[in-house]
Every structure is written in structure tokens, then in C-alpha cells.
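Note that chain A is present in both complexes that follow, paired respectively with chain B and with chain C.
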Partner chain A sequence: MLLTVEDLHTRFITRDLDDRVRVAEALNGVSFGVGEGRILGLVGESGAGKSLTVTSLLGLLRPPARVTAGRALFEGRDLLALSEAALSEIRGSRIGLIVQSPRSALDPLARIGAQLVRVQRVHRRISEADARSRAEAMLVSVGIPDPRRRLEAWPHELSGGMAQRVVIALALINEPHLLIADEPTTGLDVTVQAQILDLLHEQVRRRRIGAIVITHDLGVVAQYCDDVAVMFAGQVMEQGAVAEVFARPAHPYTRALLASVPERLVLGTGKMLGGPPPDLYALPRGCLYGQRCAHAAAQCAAPPPMSATQSGAARCHFAGLA
Partner chain B sequence: MIATMLGFAPLARARGLSRRSPMAAIGVLILALFVIAALFEPLLTQYDPVAADTTALMKPPGGAHLFGTDANGMDVYARVLRGTRYAFGIAIPAVLVAMLIGVPVGLLTGYLGGWTDEVLMRGFDAMRVFPSIILALAVVSAAGPSLVNVVIVLGVLDAPVFARLVRSEVLALRSGGFVESAVAAGNTLPRLLFVHLMPNALAGAMAQSAVRAAWAVRISTTLAFLGLGIQPPTPEWGAMIRQGAEYMVTGQWWVGVFPGIALILLSLGLNLAGDGLSELLDPRQRKAG
Partner chain C sequence: MRRLALLAPLLLIIGFLTFALLRMGGQDPTAMLAGPTATIEEINRLRADYGLDQPMPVQFGIWVGHVLQGDLGRSWITNRAVLGELIDRLPATLELLLCGVALGALLGIPAGMVAAFRRGRFADFASRALALFGFSIPTYFLALSMLLIFFYVLEWSPPGMGRLSLMLTPPPRLTGSYTLDALLAGDGAAARSAFSQLILPVVCVAIATAAPVVSQVRAIVLGVLGTDHISYARAQGLPHAMISRIALRGAATPVVTFVGAELAGLVGTTSLIEYVFAWGGVGQFGLEAIIKGDFAVVQGYVLMLALFSVAMFLIVDLMVLALEPRAALR
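Now for the complex of A and B:
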């Protein structure tokens, strides 16, 4: 395993106007693994904690959010225990991040070439000329025509798809071992979405690196991912190989997701899934999905363990039987 | 087009500016005249601004003395020109000092928030509780009315303005977007602040710098007018207006009015140019080609 996340807990700890401490239990024991050369799809509805998982791993949380427990082993080191300086060395060189909305991810006051050069020089000694020629080669490999001219372009001159290609180039140029893409196709039109996902897929395969793709879209998972982890209320409810899990979903939530349409998730209506996510300030003691689950029984008042299924593992008392 | 080809890019740009923002162009023009006055003062008048001439006391404007002469027989036109050097000589370093202190503080407090923010910004707030002119008066009278003291006092007093401007920009930038990407790319805090955040947070402060220079000119001339800044017969505008004020009632208006007009014009020029600067410094508004 390239990255192994175990029992990750993240809390938002604030005080209200009466000075009472309020704790939002946002991540409640997230565990998953990413293998070398494999793409993991992280799915779930809005607010399930997909992006928060990634920001927790990379140490990008801002107060009042903080990691309260867990381990994340990457290349033999626990990301959650590293100092800020050590983590800075890993970020951008060993782990590349592709954020949502590519336009705002680019520095508006720096030319594309300057940004590609900068990100290399953060992590290694390299001459301006070498960095520039590597930048040009990188733009070619992410499918940007006329790269020499594009190096001189300002971010606002790029189309959305082009900007996302540049963001991918920025994430890959230091040859990371793990690539994390947080909803890489939000805000792009459908044909461009497919191109970007094809590009990501091809780059991960060609470089034999691991990748995490966060998405709402089960179609994206089915087509581009090897493994899937389904998140709900800050927990991974079910994980396994995509084909297996989609063919034999063991968790009621996965089944409900598969029966639902992705548009409903984005809109947050999710009627077929039966109601809102649980209140993070007052989580139920037992199964977090219990309130919405059609199969809830007496056992569900106790927290379900992650148990092995035919297709992988699921956090459900009835996973073996269902 | 031809101007650009011949290497007269500034000319072409000036034409562009006057078309997009006529007021800013006027401001730049006024500033240019003052800069010329400051640089080429000896070429623009035959008189020495501090040479007394007892044969020509209190001459009205016209004839050999364009703006007349003062009670020492010094040429007012030459003195107004020389005064430009003092105005710039105080305003520019004062604004630089203010930015040197204010910009890093704004970057740090805006990005880090929390206790750093509270302590530094409340300290600056405490400074701004007092009217700046009173504070400047107190400090300069305590430290002594030298040019360097005036510059430092004005710079420190104005630092909170730049800190606030930069801080508010950083607050808008720090969550998400390219700042988060920059952290995710492994940038350390100093690099993040000065390479990534500073250029993006500086536009407002840069535009404001001209306006703050106008403020520095006004405060420094006020200090001199009150007798606390530079002392006569040094040809500083505030000191000259103070001298001229004594003669206003007897009808010899020119001693005080000409440096007053110069002061107002320079203030106006700086303010107009400041508005234009904010547009020019934003590449998103810069046209291609």
C-alpha cells in the first residue's frame, strides 16, 4: 500500500456565544488504503467528509478544525505526526494535489511558466532554463498545444479546461508518488470533463503512481477508478474493488447511492436516500446511517464494525448477510 | 504604433492612460511637473532660494520676480520650486517606511489570524485612537524637529493604514484558491507570504501609496507651519506659509499663497494619480498587446 489511512478523526472545536464548547464530529474513523498504480474513488454526498479527509491528511486544516486521532502511513511515515516543515517537503513533491475550481487555484498575478518554474524550485535546486524546458515538456504531456506560447500566458487568458490541464501539470511536475484530485471536473462542461478524466487516468497509469479521486459522480468511479470508498457522515461505509462493490453492494447506503442519480446528490435533495445527514454536533451512538437505513434493527444501536464482505469490507451489522 | 516601434513605449502608454482615465492622466501630468521642478530647479530660475536681497524686499509678483519676494528679499518662485524637494523628500521615504512596516504586518496578521492578529492589530488600533497630527506633534516635539525624525514619525503613524489594506486582501485570499494550492505545493510560510500572497495583496496598498504620500506632505507642512518641522528660512512650503500668514492682513498675499497653491496642486496630483494606479497595477485590466 502506498498510503494507508487508519481511524482518522477530525473535529471542529468552537465556542458559542455563551462560551460553551461545541464539537462537530466531522470525521469519525476514516480508514482506507491506496495501492501503487491504483486509483481510489472517494464518493459520498455533500458533507460526507471527502474533501476534509484530504485536507486532514495534507495538514491543510485551519482552526477550528483539527485532527484528533488516527494514522496515515505514506512511504513509511505518518503524515499526521510530521512537523509542518517535514510535511511541506512532502506536499507538492511526493504528493500532488489538484483542487476544485482550477481558475482560482492559479495565482492570478503570475504567468503559467513562472508558476510551473516556481513549484519546481520550491523542492529542488534547478536552473531557470532547465525548469522552463521541463515545464514546456509537462505542458505537452498534459495535452496543451503550443506550449512555448502558453508558458507566457496569464491564468485569466485560459479556458476552464485549459486551466485544469495547467493545474494537473503543476501537480505532476515534481513527479509525486501520490496524486489527489478533489473533484477535478467541477465547473467544466461535459466533453471537457471526459478529456480531463482521460488525461488523469492516462497520467496515473503511465507514471504508475497512486491516485485518489474525490467525486459525487458514480459514473466517474465506474469508468476511471480501480477501488472505491463510500463515505457517509465522516466514515467509510464500504470499500473494495469498483467492479465488485458495484456488482454486489453490501452496505444499504451504497445500495441507495447506486439506486440514486448523481444529480440528486449534487443538489442535496437526495430524497431516495431518505433525509439529511446526521447532525455532526449530536451524532447517534450506534450506526451513523441508522436513522436513514431501511433495514435498521436493534443491533444498530451499537456501532457496527468494519466487516469483510464478498466484495471488500462494509461498516454494517448485516454486511455478511445482505 | 510608430511610437511603440521607435521605443517610445511610455508615450504610447500615456496616450492609453489618458484615453482610459483622463483624471489619472491629469494627476500624472501634475506629478510630472513637480518632479521636473524638483530635479531641475536651478535651471528654472536664476535666483538662489535662500539668498537674501535687501534691495528687493516684499516685491509684488511680476517683473524680475515672477511670484514676488518675501520679507528677506528671497525670490518666492525659487523658494516654491525648492520646496518641492522637501515635499518629495519627506513624503516618499515616509510612505516607504510605512509600507516596510505595514505590509509584512498585514500579511502576517491576515494569514495567521488568532493571537498574532489580535496583538498586532489592536496595537495599531491603539495608535489610531489619537488624531495623527496630535501624535506627530507630540513625537516630533519630543524627538526634535529634524527631517529624519519627521520621516520616521510619519512612516510609523501611517503603517496601520497599509497593514489594514493588506490584511483585508489576505483575508479574502487565504481560504481556498491558489493560496491553498501553494500550501499544498509545499511552500514554506515566508515564501507563501512574500512570493504568493504579497503580489496579490499589494494592489490596494500601491494605489493608496500616492494618496498616503499626499497625507504625508500635508502633515509635514502642517508641522512646519506650526513651527515644529523644518525651520525657516529653509524653503519648505509649510514654513513659507507660516511666514506669509503674517503678511496676509497687510495685503502682501503672495508670500503665503504661492506655496499654498503648490501644496494643494501636489495633493491633487497625488490623489488623482493614486486612483489611476489602482487600475494600472491590475494585469486583469491590462489590455493585450
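Now for the complex of A and C:
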């Protein structure tokens, strides 16, 4: 495994106006693995904790959020135990991040070329000229025509699709071992979405690196991912190889997801799936999905363990039977 | 450039408002000019001389006509041309204003940045407490307190009586700033005296400038630190110092805009400080003209303030154009 996440807990700890401590239990024991050369799809409705998982792993949480427990082994080191300086060296060099709003993520006051050169020279010893020619080559490989001219462009001069290609170039230029794409196609035209996903897929395959793609589009998972982890209320409810899980979903939530259409997931109301997500300030003791589950029974008052299924593993008392 | 096209109607409106407000203010300069022993006939003749017997729109028309020919009229008190009086006094005000605002910005901008970067820590509270102090203290009171402490009690400073010790003769005028001119003329004693006279009023202007600058810069930098491109910079593993630089670069445009607006707005505040220190700049001149009902001077003074503000905003626009790659589009 390239990355193994075990029992990751993240909490938002705040004080209300009466100075009482309020704790939102946002991630409740997230565990999953990303294999070398494999693409993991992280799916779930809005608020399930998909992006928060990534920000927790990369040490990008802002107060009041903080990781309270867990391990994340990457290349033999626990990301969650590293100092900010050590993590900073890994981010952008060993792990590349692709964000969902490329146009606002790019530094508005630096030319594209300067940004591509900057991220290289921060992480490795390389001359300005070499970094520049690598940047040019990278723009070509992410499908940007006329790269020499684009190096001189300002971020605001790029279209959304072009900006996303630049962000992909920024993520890949230091040849990372793991690529994380957080909803990489939100806000792009449908035709551009497919182009970007094809590009990501091709780059990951060609470089034989691992990748995590966060999405709420099951179609994207089916088409581009090898493995899938289904998240709900800050837990991975089911995981396994995409083909297996989609053919024989073991968890009631996965079944509900597969039965619903992507648009409903995007809205994130959860209403179509039978109710709102649980209150993170007052989580149920037992199965977190219990309140919405059609098959809830007496056992569900106790937290279900992750148990092996035909297609992988699921966090359900009835997973073996289903 | 659209702003330049708006300049003419703007100045006309400001001119008219000043004109009308002065005449509705109930002041009668002719009675003051004629003196206590004047007869009604004498006052009326004086009034006709100054054109004050005409209906107001006619008076305004005459004034605008003269202004267009570069004639701002005469002061009824000194009987000198208003334009000349203003130009003579302008360098003194500019010296005070520019030094004060520069000092205030030099102190206020870093303080605001430190407050933002050390949010919630001691440096944040300290700089905000000082800013609050600067906000709450009235300018004239600040100026008087400074004189009381540094001249009367500590005797560190010369009295607030103008721009140069009364014992010395002013240096030949080149820039209009006594300190600079004395240095250029090689007159060490005059330069020292002019500089020590300058310190207290400049510090007053600096405090009045720094207070709003600290809180604005803090808010601006905090805003920039919360943007997507700063979190993305962290995700790229850029070092802390580089991220700070990116944030500061992003804050430059709003900070320049704010300080420029401050500079334009502080002309009014400065006139009170000039008054307390008998600075003899346009601010004090304008303030005295308002009190004495010297209509032509007030009109010229207000017109000059308006032009100054417009010039400031123009300079800010040009600076933003240089700082912002996106500004060229607008």
C-alpha cells in the first residue's frame, strides 16, 4: 500500500456564547488504503467528510478543526505525526493536490510560469532555466497548446478548464507518488469535465502513481477508479474494488447511493436517500447510518465493526448476510 | 480616465455648495471689515464693491468666470490674491501632511500585518489597543497634550510657534520645506530648528493616520490569508516565509488604496493640528478664513482641497495599475 489511513478522527472544537465547549465529530475513524498505481474513488454525499479527510491527512486543517486520533502511513512515515515543516516538504513534492476551484486557487499575482518554477525550486535543487523548460514540457503533457506563451499568462487570463490543467501541471511537476484530486471537475463544462478526467487518468496510469479522486459522481468512480471507499458521517461505510462493490454492494448506504442519481447527491440534502445526515454534535452511539437505514434492527444500537464481504469490507452488522 | 471627465462637474458642484453654504451661514464680512464706527451707507457701499448686493447665482457666475481665468479673488482681510496666499502656504501643509502620513503608514502598516499574522496573541492585542487609543483621542486634544508634555513639562521640544525659531531667518525658498531648504542652503542651525519644530506636529498627524491604518491593514491581511490561493500555496508545500510574501503582495493593492484615501481625508484633520502649532499652512489659513468669513479664501481653499483629493485618487489609481495585473482590464 502506498498510503494506509487508519482510524482517523477529526473534531471541530469550539466554544459557544455561554463558553460551553462544543465538539463536532466530523471524522469518526476513517480507514482506507491506496495501492501503488491504483485510483481510489472517495464518494459520499456532501458533508460526509471526503475533503476533510484529505485536509486532515495533509495537515491543512485550520483551527478549530484538529486531528484527535489516527495514523496515516505514507512511504513509511506517519503523516499525522510529522512536523509542519516535514509535512510541507511532502506536500507539493511527494503528494500533489488538485483542488476544485482552480481559478481562485492560483496565485492571482504571479504568472503561470513563475508559479510552476516556484513550486519546483522550493522542493528540489534545480536552476531557474531548467525549471522553466520542465514547466514548458509539463504544460505540453497536460494538453496546453502554445506553452511558451502560456507561461507568461496571468491566472485571470485562463479559462476554467485551462486553469484546471495548470493546477494538474503544478501537482505533477515534482513527480509525486500520490495524487489527490478533490472534486477536480466541479464548475467545469461537461465536455471539459470528461477531458480533465481523461487527462488525470492517463497521467496517473503513465506515471504509475497512486491517486485519490474525491467525487459525488458514481459515474466518475465507475469509469475512472479501481477502488472505491464510500463515506458517510465521517466513516468509510464500504470499500473494495469498484467493479465488485458496484455489482454486489453490501452496505445499505451503498445500495441507496447506487439507486439514486448523481444530481441528488450533488444537492446534498440527503432527503432522497431517506433523511438528513446525523447531527455531528450529537452522534448516535450505534451505527451512524442507523437512523436512515431501512434494515435497522436491535443490533444497530451497537457500533458495527468493519467486516469482510464478498466484494471487500463493509461497516454493517448484516454485511455478511446481505 | 472616466474620473477626469467627472472632475469638472464635481468641482462645479463643490464650488457651488461652498458658495451657497458660506452665504447662508449668517456671517457678514462687510460689517467686520468696515469696523464698529461705520455707517450703514459705508457698509452698503462696501457690500456693492464686493458684489454682495447681487443675487447669489449672479455672484456665483462671476466667481466661476474669474476662477476659469485663474483668478480666485482677493482675501478681504490681507487684501492679497487668494491663489498666491494658498501657493505660499501649500508647501508647509504638504510637508506636515506627507511626513505625518508617511510616518503613520510606516508604523501602522507593519503593526497591522503583525497583528494579522499573530492573530489572538499579545502583539495583536497590543497593536489593536494602541489603534483604539489613536482612534478615540480627538486630534486637537492630542496636539495640545503633546505640547504640554514635550514642551512645557519635559522641555524636549520647542514651543508650538510656527515652523522655525523666531530667532532665525528662513532659508531661501526652493522646495518650500524649511528643513529641506535650510539643508540645501547649508544652514545647519536653521535646519535643526526647522526639524525640531516639525517633529511634534508630524507625530500628531502620524498618530491620526496610524490608528485606522492598523485596523484596516489587519483586516485586509486576514482577508487575504483566508483566500483559496493561500490555502493552495500551503498545499503546494511552499515555505512559510514565501506564503507570507504572497499574502502581503495580495494585500498591497487594498492597502495602497486605503492609505491614499486616508491622505486625502486627513487634510481636514491636519488643519486643526496646524492651528494648534501655528504652522501657517493652508489648513490653518483656511480654518481662520472660515472663522472670519473671508469668503474668497474659503472658496479657494475648498476648491484646492477638492483638487488635492482628486489628485490623490488619481495617484492611487496609477499605483494600483502598476501593482495589479488584473487592473488593466478594467
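The criterion applied here is as follows: the second predicted complex is superposed on the first by the 320 of 322 C-alpha atoms of A that agree within 3 Å, B and C clash if a C-alpha of one lies under 4 Å from a C-alpha of the other, contacts with A are read in each partner's own complex, and residues count from 1 in each chain.
Definition applied: a residue touches a chain if its C-beta (ideal position, glycine included) is under 8 Å from a C-beta of that chain, and two chains touch if they have at least 3 such contacts.
Small disclaimer: the values here were computed from a predicted structure and weren't measured.
Visitor: Once the structures are superposed on A, label A:97 by its partner contacts, choosing first (chain B), second (chain C), both or neither.
Guide: both
Visitor: Examine A:105 and indicate which partner it touches, taking first as chain B and second as chain C; both and neither are also allowed.
Guide: A:105 contacts both chain B and chain C.
Visitor: Does chain B (first) or chain C (second) touch A:138, or do both, or does neither?
Guide: A:138 contacts neither chain B nor chain C.
Visitor: Have a look at where A:170 lands relative to chain B and chain C in the superposition and call it first, second, both or neither.
Guide: A:170 sits against chain B and chain C alike.
Visitor: After superposition on the shared chain, which partner residues are touched by A:27: those of chain B (first), chain C (second), both, or neither?
Guide: So A:27 meets neither chain B nor chain C here.
Visitor: Who does A:3 touch here: chain B (first), chain C (second), both, or neither?
Guide: In the superposed model, A:3 contacts neither chain B nor chain C.
Visitor: Which residues would you name on chain A as touching chain B in one complex and chain C in the other?
Guide: 58, 60, 88-93, 97, 99, 101, 104-110, 118-119, 122-123, 154, 156, 170
Visitor: Considering only the defined contacts, which chain B positions touch chain A in the complex?
Guide: The contact residues of chain B facing chain A are 113-114, 175-178, 180-188, 191, 195-196, 199-200, 283-284.
Visitor: What residues on chain C touch chain A, complex-wise?
Guide: 227-229, 231-240, 242, 246, 249-250, 324-326, 329
Visitor: Looking at the complex, which residues from chain A come into contact with chain B?
Guide: 58, 60, 62-63, 85, 88-93, 97, 99, 101, 104-110, 118-119, 122-123, 154, 156, 167, 170
Visitor: Note which residues of chain A are touching chain C in the complex, please.
Guide: Checking each residue of chain A against chain C gives 58, 60, 87-93, 97, 99, 101, 104-110, 118-119, 122-123, 154, 156, 170.
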